[in-house]
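First the structure, then my questions, so here it is.
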Amino acid sequence: MITKKVADVSSALKGVDSGMTFMFGGFGLSGIPENAIAELVRLNINKLTCISNNAGVDDFGLGLLLHQHQIKKMISSYVGENAEFERQMLSGELEVELIPQGTLAERCRAAQAGFPAFYTPAGYGTEVAQGKESREFNGKMHILEYAFDADFAFVKAWKGDTAGNLIFKGTARNFNPNMCGAAKITVAEVEELVPAGELDPNEIHMPGIFIQRIFQGVNYEKRIEQRTVRQRN
Amino acid sequence: MITKKVADVSSALKGVDSGMTFMFGGFGLSGIPENAIAELVRLNINKLTCISNNAGVDDFGLGLLLHQHQIKKMISSYVGENAEFERQMLSGELEVELIPQGTLAERCRAAQAGFPAFYTPAGYGTEVAQGKESREFNGKMHILEYAFDADFAFVKAWKGDTAGNLIFKGTARNFNPNMCGAAKITVAEVEELVPAGELDPNEIHMPGIFIQRIFQGVNYEKRIEQRTVRQRN
Amino acid sequence: MLDKNQIAQRIAKEVRDGYYVNLGIGIPTLVANYVRDDIEVEFQSENGVLGMGPFPFEGEEDADIINAGKQTITTLPGASFFDSAMSFGMIRGQHVDLTILGAMEVSENGDIANWKIPGKMVKGMGGAMDLVASADNIIVAMMHTNRAGASKVLKQCSLPLTGVGCVKKIVTNLAVMEVTNDGFKLLERAPGVTVEAIKQATDGHLIIEGEIPEMSF
Amino acid sequence: MLDKNQIAQRIAKEVRDGYYVNLGIGIPTLVANYVRDDIEVEFQSENGVLGMGPFPFEGEEDADIINAGKQTITTLPGASFFDSAMSFGMIRGQHVDLTILGAMEVSENGDIANWKIPGKMVKGMGGAMDLVASADNIIVAMMHTNRAGASKVLKQCSLPLTGVGCVKKIVTNLAVMEVTNDGFKLLERAPGVTVEAIKQATDGHLIIEGEIPEMSF
């Protein structure tokens, strides 16, 4: 068994540098790699290109990197709910590329699975299609989209084993599996790291081959963005 | 909850007809939809186009359909181990399109996920690329491959629930998930059909949305093609 | 004139037995509250869940179980979780039967704009572009006019588009309209709203054939 | 001259610590038996398993756990199962470090033919075309000549190709060769086999530089 376990977040992030392109799993604040983000804040590297569905909130998630002006460019599908982000974007400090969510997911998956490009109907006839090739298939227009090219992917899982196998929980799964293996180095942080052999091979969401480094995360805050409840009657 | 449960294999195959294109899950004889195949033999419809990684053996799997000359064309990646198949192919009775295994899987997945076409390096410079568009990406040649278009997909899972959710076992998973939702109608047969709510939503391999009909299979033979063992010392 | 809940209630009538439905943020989310009890429907949320249930009871919220609006939710029997690529596979592959979403503008050829106001608001399209580019059956839920009183039911959209020629039906606080090759066909009036009032509030070509019935719920 | 097991044994030396390896049917399958105990290697089989172990004990065979050769297998701690699309994602995405497969012919520019003899044998390419089109590190395991005594190490392949310019190394019963821009570079001789004998059995351009050592295992 090939072991992927590293001691801690600082070993896991060895090699990250200013100017690099990073992928971050998560949807809103759910399933984000909290430990990796905290370490990037500590390292204070900058001029980063970040591929992430969202950009966090003002004081959590990628918002922490924005606050320190570490991000040069965001590639996202939805960036609401973040005043500092909006300020930096409108002032031109921050470059932003907005792309459809399904295209974002598939450009990750294409990088993971070795597809250089694919055709999708999403965005045809809109700003998103500007400068892109378009083509008709089955009477419907599609645009050509390319695989991402990133240096590191930071993902967060519920359980993992020392072989790098991952199991996600609920909707915290989201982009995390699609980003595994989609960058040169994939770093997985998990709530519970177990010895290889403890996870059922049939229940693994992402095989360890896609992950280069795995570590036991600490102090997960798992903040809820919109706490909605119903009353017991 | 939307129920997908049908009473038996004969209800599940309602609408199949001669001249149609079918997908069959399975790798070798592992994970093949044994009940659906048996019913197609009984119905004796013909001129079928079959998309399946393999073509069964002489007296099992798709070999049973071949024996009755029900198949007009096979689209597969590997068709060895089947004398009757070879005879029909060499005599010209059977049309055969051989395509790379990864391309086969992805053409299913493209149909499932609504991608009309994608670029892959597999087969470039070979017979497989003849008549296909080719294009360079990142200094490497690729060919353009298209999503399949099939009438029925027959898949086999280990466990399923009445909502159509599926869990596969071991390497019997193979093409089965990729074919779910890749045809107009997907029929799933399972070794164990349970009420919706009994399967953990986190452990489901294919959500029921991709499946139109599900039934409890019977009399699984699960034949082993190459029984290889080691001796206890 | 309908309020947001009544718009949702009217749209709920479009939901048929056996439908998988994706609900956008805002009014569309409310539709779930009005779907008939005697039909089976499953709600998909593009962040990776099928079979969404109501909000959790207080104290039972789980940060790992949310919908695309980032709200805490529950799941119903038969639910499943999956990754984003598979989620958009469901959408792009047309396995979702009905998409209900909000809009800033809709044009008479079915174009929709709902993700950007240049220089003012740029939240992003989220999953909306995938949804409108793929779904066969798209209903827009919105107010007929914007806060300034200008029509949102237009000859041509002025805002950056989310998708082209995709909207099939529109339910507003004033009317139910179908998008046809010839323009917006008026199907129903909101209770107490005259055809004339709808005409006034509509900038695009409105087709009025025969008596236009009042909505029923 | 090596037998099949010795070819496998020699190839096993090419397997490095931390490698994910895909083994083809035939001689390549035997390589697993000779990998050093002190390095960590995982075997991938393209039908959907990573972390393959030895054959099961008699009576413990499971029809649902097989390799790409349809043989019953076991799994080791850390193993995982997955679908065919993901399996070829591993291969196409270059996550598999080493591919070892058999061949009918290899040409001096690294082309390989191993799936079809027109009019005679058409079993299909299985996963071989994906493997050779994607892998960076491909070793061919084969006999140097065919049953009729003709060389399989050629200027140009005569059979339909499986892939172009992809083979990096060849281990035969006679020699270890590297595929270079200038042709087959002879690296090692099988014990007791002369350079002359290898030259005789090789149809493509053979580069012989200096003393060619005998293989060690």
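As written, the chains take the letters A, B, C and D, and residue 1 is the first residue of each chain.
Here is the rule we use: a contact is a pair of C-beta atoms (placed from the backbone, for glycine too) under 8 Å apart; a residue touches a chain by one contact, two chains touch by 3 or more.
The model shown is predicted, which means the values in this text are computed figures rather than measured ones.
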{"item": "Between chain B and chain D, the fewest steps along chains that touch one another", "value": "1"}
{"item": "Chain at maximum distance from chain D, centres defined as averaged CA atoms", "value": "C"}
{"item": "Euclidean distance of C-alpha centroids - chain A vs chain D, Å", "value": "36"}
{"item": "Chain A-chain B separation of Cα centroids, rounded to whole Å", "value": "33"}
{"item": "Length of the line joining the C-alpha centres of chain A and chain C, rounded to whole Å", "value": "28"}
{"item": "Chain C: positions in contact with at least two other chains", "value": "49, 81-82, 85, 88, 91-92, 134"}
{"item": "Touching two or more other chains - residue numbers and ranges from chain B", "value": "106, 109, 114-115, 120-121, 168-170, 201-202"}
{"item": "Those chain pairs that satisfy the touch definition", "value": "A-B, A-C, A-D, B-C, B-D"}
{"item": "Chain D-touching residues of chain B, taken from the complex the two chains share", "value": "27-31, 53, 76-81, 86, 89-90, 96, 98-106, 108-109, 120-128, 158, 168-178, 205, 222-232"}
{"item": "Chain C residues within the chain A interface of the complex", "value": "45-49, 54-73, 81-85, 87-88, 91-92, 111, 115-116, 119, 122-130, 133-134, 160-165"}
{"item": "Chain C-touching residues of chain B, taken from the complex the two chains share", "value": "1-3, 109, 111-115, 161-163, 165, 181, 195-197, 201-202, 204, 207-210"}
{"item": "Chain A residues touching chain B - in the complex, by the definition given at the top", "value": "106, 114-121, 137-138, 140, 142, 146, 167-170, 201-203"}
{"item": "Partner chain B, residues of chain C touching it in the complex", "value": "18-20, 40-42, 44, 49-51, 75-82, 85-86, 88-96, 134"}
